[in-house]
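Notes to accompany the following structure.
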Amino acid sequence: MFTQFKDWYQNRHDYAKDWKARTGGKVMAYMCTYVPEEILYAADVLPVRVYGSHEASDLTEQHIFGMYCPFCRDCVAQVMEGRYDYADGVMIAQACLHMRQVYSSWEIHKPTEFMYYMPFPIAVESPHARPHLVAEYKTFIEAVEKWTGKKITIDDLDRGIEILNKNRELMRKVYELRLLDNPPLTGVECMHMTSSSQMVDKREHNQALEKLLKELPSRKTDRETGIRLMIVGSECDDIEFMDMVESLNSTFVADDHCTGSRAFWNSVEPEEDRLLAIAKRYLERPPCPTKDTTKNFVRFHHVMQMAEEAKVEGAVIIQQKFCDPHEIDIPLLRQRFEDKGIRTYFLELDVTVPIGQFKIRIEAFLEMLRADELPF
Amino acid sequence: MSDIKRYKTEPLKCWGKAKELRANYYKEYKEAKSKGGICWSGGAEAIDVIPYAFGDDVHSLTAEPYAAAIAFDPEFAHRCESALESKGWARDMCAYMRNYWGSVLIDEYAFGGPFPKPDFNLQSGFCCTHAKWFQVLSLWEDVPYFNIDIATIPFWKEEFPNRLQYIVDQMHESIEFIEKVTGRECDDERLIEGVYNDSRTTSLWAKITELNQNTPAPLDEKSMYSLYVFTTLDRARKEFVDFYEELYAETKDRVDRGIAALATERFRLMSDSQPPWAFLRVWRYLEQFGVVSTGSIYTIGLEGVWDIADDWSLTPREDLKSRGVELKTRDDALRAMADWHMRRPIYAMFYNADWKSKLMMQYAKQWNCDAAMLHLNRGCEGTSLGIMENRAALIKTGLPVLTYEGNMGDDRDFDEGRTIARIDTFMEGLGLKKLT
Amino acid sequence: MITAITAGIDLGAKTVKVVILKGKEVIGRGIATTGLDQKKSAEKAFDAALKEAKIDLKDLDRVVATGVGRTEAPNANSQITEVGADAKGAIFLNPAIRTVIDIGGEEGRGIKISPEGRAVDFAINEKCAAGAGAFTEAMARALERPLKEFAELALKSTKSIPMNAQCAVFAESEVVSLIHAKTPHEDISRAVHDSIADRIISMVRRVGIEKEVLLIGGVAHNVGFVNSLNIGLKLEVIVPEYPEFIGALGAALVAAEQQE
Amino acid sequence: MAEEEKKEYWRWLESRWTSPDIDWKKGKVISAGVDVGSVSTQAVIMVDGQLYAFANMRTGSDSPNSAQNAFNRALEDTNGLTEKDVHYCVGTGYGRVNVPMAQKAITEIACHARGANFMYGPTVRTVLDMGGQDCKAIRIDEKGKVESFLMNDKCAAGTGRGMEVFSDLLTISINDVGQMSMEVEEEPEPVSSTCVIFAKTEATGLLRAGWPKNKVLAAYCRAMAGRVNELLQRVGVVKDFAITGGIAKNIGVVSRVEKLLDMKALPPKYDTQLAGAVGAALFAKGLYEKIKK
C-alpha cells in the first residue's frame, strides 16, 4: 500500500531527473522546511528537499569541522558525490548554523544558476516578523521571476497554496488513523509517506494519498501494535533504526520532527494578502527548536498535545549528534513527558547508527515499559 | 642568538586601568540592586545601548565575556559544566552558554558570592543558540525576557529596508518591554548620547587593531584579548570610550616610536575564532619562535565596526558623530544603532564560509601575515562554521595554515601536549627555530 | 674525502627504529619495541643497526632523532619532527611522491610534500585514536587471530559492511556482535580495515591527495588495510620495502645533509 | 613485523562454584541464567530461587559455544545435575539470542537490575554495572524493576576494557590493579585523555617521567571514577547504591566512585560478575512457574 511512497523515497534522484525530462521544468534543491514551497509551485519549480543517504563518506571532513551534525555532513557528502547535480537552483531558509554550512559548501564547490539564502526570522512569535517575512517573499519572488523568466500571478500563488494545503490535509487524515488503537500503518510506512512528499511533485503525491486513504482505513495488518511510541527529534529519516524499533513489538504512532509532521502540520489560512497568508503559516507552524525562543515554549505544548492525542506509552527522543538547538530542548522536553507519566529514552544519531548498540538500549527501554510481563 | 633583529619593547601603560575597569564592571553589576539600581543580562551581541538609556545606575552582565571569565578558572568551569551535565545537558553545546548556565545552577558568581539574579534578560541573537540561551535562563531565574532577532543578512553584504525595519521595530518594542518591567521611562537624550558613544567605542577598537598592520606589531593578540573585552561589556559608557581614546593614543605612539609587542618579531600570524581561554600560554609559546599573532577577523571584527569594500578591503568605520549623522529622535537613534552594528565583520563567520574566507585573505594581506593558525573550536558552532573551507581557501593562496582542536570554554576539549607538538611541526615546516 | 656515516633514530610510541647511512646508502637497520626506558630501547635498536652495518657507535659522524620520544634519544646531535622526517625519507625513496600517509600505533598523519621534500601541509588525527594501528590489534584480538592472519582475511571478503562505532573499544564490541550475528570473519576483517581506511582517507583529504601516494609506518605491513585504502582512494598507494623505517631514514638523511 | 607473544594480564580468572548446602534433587524449580558478555560469560543454576552453582568463563569468538561451555562448567560437580534437569533457562548479555539452551532472551539491563536486587537486597535503588565494553547506570525499585537507565555511548573511557588495557600496559594482573592504585601517599591528578588509547599513551609518558606504577594506576582509576560519576549523576543516584560487573572487584575504582558520590556501595555477597546471570535465572524461575500454572 505504501510501495509507491517507498519507491519515491528510495529513488528520489531518478524521480527528479525523470520529472525534469517529462516537464522540462526546473528543480530547486532546498534545505530546511521553512522554505515557502507555495511560491515555488506557483513558479512551476519542483522543490526537492536535500536529504542524506545514511552511508559513511570520506568526502566531508575536508569541508566540515568534526563537530557539525551528521545530517549536514551527510548532505554535504551527497552534494560532493554529485547526487544533486540535476538541481537547477539551491536555496535555504535560514534555520540552524549547520545547514548554513551545507549551503556554503554547496555555493563554493558546486554553484548552480540560482543560489538563494532566505534570512527567515528567528523571532517567529514577534508581530514584526510578519511584514519582514512578507517583504522577504517579495524579494524572493522577484529573484525567482528573473530566474524562470515567468511572472508569478495571484492565481499562480493560489495554485501553489492549494497544492500544498491539499497535501497537508490528506496527510493529516492519515495521521488521524495513527491515533486508532490498532493503527493500520507503521511509523516506517508513515515516514516513507511524509519524506517522499518533500521529494516528489505534490500533485502526484496527492493522487497517491487519495488512493491510499481509500484503502487504508479497512487495511488488515497481521502485526501487533505493541507499545505505542512517539519519535521526537530533528531529521529522523533513519529507516533502519525505526525498523529495528518497530521489529521489537512496538509501533510509532506519533512524531515531531521535520522529516515528519512538523513539516506539514498546519495549512495556509486563505486571506486577501496571499503572501501574508503564507508568511503566517510558516511563522505559526510547529516550530523547529531554533525558532522556539520565548518563555511560551510553544513547541513543548504542541509535542505534548500530540503525545496525549496519540495515547503514547513511551517517547524515543533522538537527536542528530551536535545539534545544539535540540540539545537545549531535550532535558526540558523529557521532563514534560515524565511529568505526564510518559517514559522517554534518548539516543544520539550519527550518519549511520550502530544498530547492535542501539537495539539493546531500545529492547531494555521496551522491557521497562512492559515490566509487568516479566515475573517479579 | 645575536644575529636576529630586536625591536624596542615596553609594557602597555594603560594596563592597570584596563584591569580596574573590568573588575569594576563586574562589581557594579553585582551591587546594582543593593544600590537601588537595575541589573540586566544578555549576550554581548545585545544592543546594550537600550538599557543604558534607562539611567546611569543600570548595569549589565554580558554573557560571553562572563562565560570566558569562568573559562579562565578551569576548576570553577568544571563545577559549572558538571552541574549542567548531571541535569542531562550535552557536553558539546555552546561552551559559553554551559559555563553561564552552570554558574546560575550552582548559584556562584565568578567574581564572588551567589549569582546576582538580573531584573530582566535582553538578548539579541543571530546564531541558533543566542536566543535559546536566555529562554532557558529566564525560565530558571523566572525573570522577564526579550529577544531582538538580528538574524538578517549583515548590512555590508546586502541591504533591504525591511531588514533594518524589522530590527528597529523590535528595538522599539524592547524599550516598551524595559519600561514595563522597570517602571522607568526611556530617556531619549541619554539614548542618543549612548548611541554616539557606542559607535565611538566600536569604531575606536577598529582603529586600534588597524594599527597592528604595522611591523613590528604594537600589540600582540594575547594582550588584545584582554583589551577588546570592553567592546563587549558596556560600550555605551563614557569611561569605556575614554579608555579606548587613551589606548588608541598609546598604540599610535608605540607605532610612531617603533615599539614592538614582541621584541623578536620576525614572523606574523593570524588566528581565528575565540581562543581556548584556559590555554593562552600557547600564544606565549609561539613567541619563543619569534612569532607574533597580530589578531584575526574575530579579534578585530567581533565588535569593531569596519567599512567593507567590494574588494573586501577593510577600513575602520568612522563613528556616527564624525560621519555627521544627526540623531534627533528615538527612532533616529535606534535606526542608526541597528545599521551600525549590522556592519560588524563577525557576521561573515555565522553566515557564509566564502565571505569569511574573503575577509580572512584580506586580513592576511592588510596585516601582512605569513601564516594562519585556526582554532577548530568545539565550543562555538558559529565561529567554526565553514572553518575547513576557510583553511582550504587560505592554503590555495599559498598561506601556510595550522589547525588545532580545542574549546574556548571547556578545557577538557583541548590537548595541550598534542597541540604543542603540532606547533613544533608547523614551525619546523616554516623553517622557524626557537630563538633561545 | 671519506663519505660521512650518519644515523637517524625514530623513537615511536610502540617501536624504536634506527637507520644508518654511508653517504646516501643504507648500510644498517635496527628495530626494538619501545619499553618504559626509552634510552635502553634506543640502544637496543642502535646495536642491531650497528651490527648489520658492521661499525661501531664511534664511527657515526652525526645522529638525528625523530619521533614522539626524540628528546630522549641518546647521542643525537639534533632533532626533527616526524612529519619533517617522513617528508625527507619519502622524497628520497621516490621523487614523484607528493602525499605521505603515515600510520603509527596511535597516530595517523597525512602529509603533503613539495618536490624538495618539504612538508607543505599536514593533518593529524584529533582527540580520539579511531583509525590508528591500535584499532586493528584490538579487533584481531576480538577474533582471536594473529594480526597478520586477521589482515589477510580481509582480502578474501567480497562485500563491505559498514562499521558504525567510532571508538576502537566500541568497534570491538561491534565486532563481537558481528561475530554473534555469524558474520564471516573475512567480512568482519574487511569491515574493520574499511572503517580505518575511511577515517584515514577523510583526514588525508584535508591536505588534498596528490599522486604519488606513499604509505609508511608499521600498518603498511597490513595487507588488509592497504587493500581497503586502495579501494577507498581509487588508486594504488606505494608501499616501500621497510615502511616502518622511513622516519628514521629521513632523520639519517637530514644528518647527512647537516654533515655536508 | 612478527607478532610478539605476550602474557595477557588483562584476562579475568575463570572460576566455578557449587553450594555445599543445597541438594538440587529436593528442589521444585531448577532454573538457569546464562550471561554471554563481550569479555566473559557466566552461567548460573538456581534451585527454587537459591544460588546453587555458577561458572565464570571467558567469552570465545563464538557465543553459542561460550554459552555451552560456561553452562557445562556450571553443571560439573553438581552430583549428577544435567541440562535436561533444568526446567527453564534465560539468556542475557551481548550473545543473549545465541544461547542454545535458553527458552527466552532478556536484556542485561533488566537482568542486572533483578540480579542486584537479589544479591544486594531490596533496598538497592541505584545499580552501576561496569562490564567489559560498556557502563550502565540503572535505577530500580524494591522489586528490582528498572525505572530508568543510561549507557555510555561513543567512547569507552570508563569501561572495564580501559582498565584491561592498563593492566596489560603495566603488566599487572587485572585482579591487582585496584589494590595497587590505593598504595599512594597522595592522590594524583586524573589522566586527562578521555580516549582509552590516548590515556595509555599518557600513562606511558607518566611512567617515563618516573611515576611509579601505583601512582599511574591511581591517576587512571580516578579518571575512570570521574567518567562513571558523570553517568551516575545523569541517572541520579538514590540510596542504596550497588556496583556489579567486573570492575566492582576493583577497589581502586570503587572507592574513588564512592568518594565522588559521598556514598558507600553495598558490600557484595557474591561474585559481582554474576548479577546478570543471577537475574536471568530468577526470571527463568518466574517464567517457568507462569507456564506451569
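Read from first to last, the chains carry the letters A, B, C and D; within each, the first residue is number 1.
Just so it is clear, a contact is a pair of C-beta atoms (placed from the backbone, for glycine too) under 8 Å apart; a residue touches a chain by one contact, two chains touch by 3 or more.
This one's a predicted model, so the numbers in the text were calculated from it and none came from an experiment.
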item	value
Third chains touching both subunit D and subunit B	A, C
Per Cα centroids, the chain farthest from subunit A	C
Contact-richer chain pair (by C-beta pairs counted) among C-D and A-D	C-D
Chain centre separation (subunit C, subunit D; CA means) in Å	37
Subunit B and subunit C: spacing of chain centres that average the CA atoms, whole Å	42
Per-residue overlap in subunit A, given as positions that touch at least 2 other chains	61-62, 66, 357
Sites on subunit D at which at least two other chains make contact	94, 153-154, 194, 198
Overlap residues in subunit C, where contacts from two or more other chains coincide	126-127, 166, 170, 173, 177, 206
Graph class of chain-chain contacts, one of line, ring, star, complete, other	complete
Residue ranges of subunit C touching subunit A (in the complex, touch as defined)	126, 162, 164-166, 170, 173-174, 177-178, 181, 195, 198-199, 201-203, 205-206, 208, 232
Interface residues, subunit A side, partner subunit D - complex	343, 348, 357, 360-361, 363-364, 367-368, 371, 374-376
Residues of subunit A defined as touching subunit C within the complex	55-62, 66, 350, 352-357
Residues of subunit B that touch subunit D when the two form their complex	82, 85-86, 88, 412, 415
List of subunit B residues in touch with subunit C within their complex	376, 388, 391, 395, 400-401, 403, 405, 413, 415, 418, 421-422, 424-425, 428-429
